[in-house]
Amino acid sequence: MAVRAAVAGASGYAGGEVLRLLLGHPGVEIGTLTGHSNAGQTLGSLQPHLLPLADRVLEPTTAEALAGHDVVFLALPHGQSAAVAERLGDDVLVIDMGADFRLKDASDWETFYGSPHAGTWPYGLPELPGARAALEGAKRIAVPGCYPTAVSLALFPAYAAGLAEPEAVIVAATGTSGAGKALKPHLLGSEVMGSMSPYGVGGGHRHTPEMMQNLGTVAGEPVTVSFTPTLAPMARGILATCSARAKRGTTAEDVRAAYTKAYADEPFVHLLPEGRWPATASVYGSNAVQVQVAYDAAAGRVIAISAIDNLTKGTAGGAVQSMNIALGLPEDTGLSTIGVAP
Amino acid sequence: MAVRAAVAGASGYAGGEVLRLLLGHPGVEIGTLTGHSNAGQTLGSLQPHLLPLADRVLEPTTAEALAGHDVVFLALPHGQSAAVAERLGDDVLVIDMGADFRLKDASDWETFYGSPHAGTWPYGLPELPGARAALEGAKRIAVPGCYPTAVSLALFPAYAAGLAEPEAVIVAATGTSGAGKALKPHLLGSEVMGSMSPYGVGGGHRHTPEMMQNLGTVAGEPVTVSFTPTLAPMARGILATCSARAKRGTTAEDVRAAYTKAYADEPFVHLLPEGRWPATASVYGSNAVQVQVAYDAAAGRVIAISAIDNLTKGTAGGAVQSMNIALGLPEDTGLSTIGVAP
Amino acid sequence: MAVRAAVAGASGYAGGEVLRLLLGHPGVEIGTLTGHSNAGQTLGSLQPHLLPLADRVLEPTTAEALAGHDVVFLALPHGQSAAVAERLGDDVLVIDMGADFRLKDASDWETFYGSPHAGTWPYGLPELPGARAALEGAKRIAVPGCYPTAVSLALFPAYAAGLAEPEAVIVAATGTSGAGKALKPHLLGSEVMGSMSPYGVGGGHRHTPEMMQNLGTVAGEPVTVSFTPTLAPMARGILATCSARAKRGTTAEDVRAAYTKAYADEPFVHLLPEGRWPATASVYGSNAVQVQVAYDAAAGRVIAISAIDNLTKGTAGGAVQSMNIALGLPEDTGLSTIGVAP
Amino acid sequence: MAVRAAVAGASGYAGGEVLRLLLGHPGVEIGTLTGHSNAGQTLGSLQPHLLPLADRVLEPTTAEALAGHDVVFLALPHGQSAAVAERLGDDVLVIDMGADFRLKDASDWETFYGSPHAGTWPYGLPELPGARAALEGAKRIAVPGCYPTAVSLALFPAYAAGLAEPEAVIVAATGTSGAGKALKPHLLGSEVMGSMSPYGVGGGHRHTPEMMQNLGTVAGEPVTVSFTPTLAPMARGILATCSARAKRGTTAEDVRAAYTKAYADEPFVHLLPEGRWPATASVYGSNAVQVQVAYDAAAGRVIAISAIDNLTKGTAGGAVQSMNIALGLPEDTGLSTIGVAP
């Protein structure tokens, strides 16, 4: 019997993507959809690509509207999830696609978000060591940030194998959907097309502590992260170029072996054959992750690169993957490793 | 029991798209894949988005390699399909995604293609009046051209209802995948990005007689077509802007009624509510068609606009849809009306 | 001695482009720059590409701030130019890049803009028959709309030579800068990239009566215009595909001769050699116009296609060209026919 | 009196760009243009944006064709410049936009290019300490690579001031024109649009030793470089994100001061005000460089980011700038710091 799922924040990009995936999920029936300023409008006018839901009308985001579902996906601005989640029963699976419950360290939260810490929920990146166990049967899930998903999957095998010094340097390019549907001048098509530009440079991006948390946990020691996000002229995709100095004595074979081992049995992570490199186009609309790694002997660094679709594996696909685990369904139900290309 | 399908020309865009769709088709098992200059290579190096088929090796395109399948999709340069099809048995369903068997009039073929006419197969645009009956149980199917698909679906209801004069004016924009993977300077990313340009202007495009054939059949009288294709800076999608002078006495209500009636029961064609207009992004990767129509009283013209994904509904999706009909499967098996957006 | 020019609305795309051109104009000194909501900000934060003006601060748009200049460019929302212009002296050259003074027919204005007609100024499309004489020494200039510029230059030679029936069908694609810097959801990069979509279909676009005015004047009889604008995934450029049924007896040679004659001496209009077609990339950032024409004998239509940069020849370049004429400078001063490509 | 300049390789992107700039250079008259496979064709068919040169016909690239000019620009595949240059007199200024004469270390050349070293010419990056003196009156100039231009200008002030450890980590995104007009599948528009992908990962890119040479010379000690280039979905532009661990005791003020000092008098390098970041769109078609720098205290790194137009400052603009110095002209003659945006 299908579980019944509601989506709060159905008019945004994360909400739209989770609906796109749930429409193809054989075990889910789509229930209430809510919005804020768009309440009362049809989904057809807001998400015209979701043809089967075109006539659905958005309700306001209230606990009452979201009640009576087995699963509730929250795609809300940060800081709003706790109040909604509190009013949903403990038997409801609540999956937060926002940031509120990702960080373990309250002071990190307060430093980067400037508000009181709401708590920590099981972390929905199943590929991380130990993560699946925490998700099985969970009733609350914090979906990782899109950048931390790409970065953690690129780098954790090197740290898990003890091959990298704890100072990671990361430059990542994201498609504009990563910034959401916000009406800001720098997100206009005229500004974006033909332009690459960085933002949040110098340690200020809110995803930085989440990366440090993930990598530090795997490494067993604190890992500093220098993270520079850049905005690329494309709608979807993250390409994360990550590197760290190799620990003394590391060889190219060690590096390859660590990644081969880490991803031997992962259904969504594809360690590419040597000589081929990730491309965001290859994972467009898919939950797959392309990973490649190299050892630069001259520079003494491990270079690990991943490509994901920021809205799929980076947000809504990761959410559905974790939902499947929590509900005891096959992990890949309703999820594809096939990109839409070219 | 699944039917077994082979794809000839699996390294190109049409071949890749039919594989993307067949991977999600519950009634099809993917058999032999062939290529020409790429024979011997893995699909992973040629179509890196098709992760589940990454290790498949392309065989040379020969009748022997294609034998032993229930369905054979041909994605070959025009002029090559007949020789392959002849050597496949009459019990094999052969679906030609090229142009060879689309035209009924041999002299049209010879004028536009400069070679002898190979014949005419049942035409795989199920939404055209009478088309489904010809596809049921068929063993040979000619998949329509991408432009004729978009244009015929935009305009035929006006002609079927006798509302339009038989002189259609069409300007269509296509994504670059419509030109295939050919290594031509004008298809380089550097040339394409930021540029709109026409080609084949003045009646020379090979899809022109196919549009005339479809519209003329529906209208019951010859329809001239002025067709200008343009290349747009996007990978996928066709936006077809079509118009014709309205017949005397036509009203806006007549026009609306004709389209409402034509598409009331079509699973893939979505006549948009008044006030909304098609966008290629809304049908990205989907088999859906968005159609809208307006009556411009001042100019005295019916304006009909459609958006399709040129590789999905315009090629491979149309092919699978017709295959489903030929095999007696539900018409939408393995096909989606959900786009990947934004 | 240089004339001193002010720009009202310097933070928008039209204002930025006129500044880009004036910076390279040897006869102009840039004076006051004004803005509305951006008054008080530096131009460097609003138009970071205009490096030499980075430290200029925008003043509020008032007649006082604009006083004391020889030339004032108005890049204001429609309906606002008249009030500003009235308070500038009759000896000041006022160039309106908005719509307010383009139309001769007050009822057309009221129908399409819904407000009282402000008047009619000399029309800044020098290539139109008779237009230059009206611009020489003028103190008020109405810069044409971007679409009417592209469309009029594509079609007027056919009408001037009496070769085309008075029913023009036009489909044009524009870059997103044509919609200005407005914060609207459909102009976000995420929505625009990868998508073609129409708008203002069925006769409603405000540039329609301006096209009818231009073509009708040249033809000597009313010309109806069916105009469909489409939004293309690029920042700049208009490709206008225009056609009309050829008058009886028209030949391909007649058509070619008409265009050759019309553009023999025009510095900015380049009638391409036969066999080559316009591309917006070729005129990126330039004041050039690429035009090509074909006679489709089967459809009985003249097809004329033009490419311009909507911000340059379509707005600010056209404005500077007309300013040059009004001031008695060589018409191409400060203007280039060289595009930035690829 | 104008100098007379020839361009060898006029059909490619670098050749086209140098022609675009020379057309606006008041001290240069454009002489012979040559090509290889395109010899005999008009420039109008190959570089349609260069309208004033449309009727010029390409000659074959021979010393004879190039003789009799004051300046010869070489835009040839690497390995071909020496043979041409040898046959041009010592009194001719030869400017090589290829790689052949950039590296001082013959073994570096041989390692990365696999052919004998041709020699070393004065290096055309005037902003580097000491570079201008070597260019004054020079008769041979090696134009830097596009990536080394962007990277050296981003990082050298930190090394000149002794603030950075000699291990630089660089991730740069380039527009597709950086790969030239080569007909390779991965450069097709269909592949490029919507995709970010790395290449030459792990130390193999040929620009790496050039960066090491530049930074090491400034630092006074060897600097290792971990360089990852990525291909971005845009035609032009390089965004170089560069970082290095800060030397002990470095403060944010030290870093700011070093960059302020380095670029106080540079006409083309614009150190942005704090809080603003480079964007490739801002330097589109211009010879300007946008630079910004930050000190990430938590990660202990200096982050320096630059944006250039790879074809202008990164190739042809840098060439013209160096030519101006060599000829004793004002350094910015014919060069602009104004981008074409949006």
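Going by the order they are written in, the chains are A, B, C and D; count residues from 1 in each one.
The working rule: contacts are C-beta pairs under 8 Å (C-beta built on N, C-alpha and C of every residue); 3 or more make two chains touch, one makes a residue touch a chain.
Here the structure is a predicted model, which is why all the values come from computation and not from measurement.
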{"item": "Lowest number of touching-chain links that must be crossed from chain A to chain D", "value": "1"}
{"item": "Pair joined by the larger number of C-beta contacts - C-D, B-C", "value": "B-C"}
{"item": "Chain whose Cα centroid lies at the greatest distance from that of chain D", "value": "B"}
{"item": "Centre distance in Å when chain B and chain C are each reduced to the mean of their C-alpha atoms", "value": "37"}
{"item": "Centre-to-centre distance between chain C and chain A (centres being mean Cα positions), rounded to whole Å", "value": "45"}
{"item": "Touching two or more other chains - residue numbers and ranges from chain C", "value": "13, 175, 177, 188, 190-191, 193-194, 233-236, 279, 281-282, 284, 342"}
{"item": "Contacting residues of chain C [partner chain D, same complex]", "value": "13, 16, 20, 23-24, 44-45, 47-52, 54, 177, 193-194, 235-236, 270, 273, 276, 279, 281-286, 288, 290, 336-342"}
{"item": "Chain A to chain D touching residues, read off their complex", "value": "167, 169, 171, 173, 175, 188, 190-191, 193-199, 201-203, 224-226, 228, 230, 232-237, 239, 241, 243, 245, 277-282, 284, 292, 294-301, 303, 305, 307, 342"}
{"item": "Contact footprint of chain D on chain B as seen in their complex", "value": "13, 175-177, 179, 181, 183-185, 187-194, 233-235"}
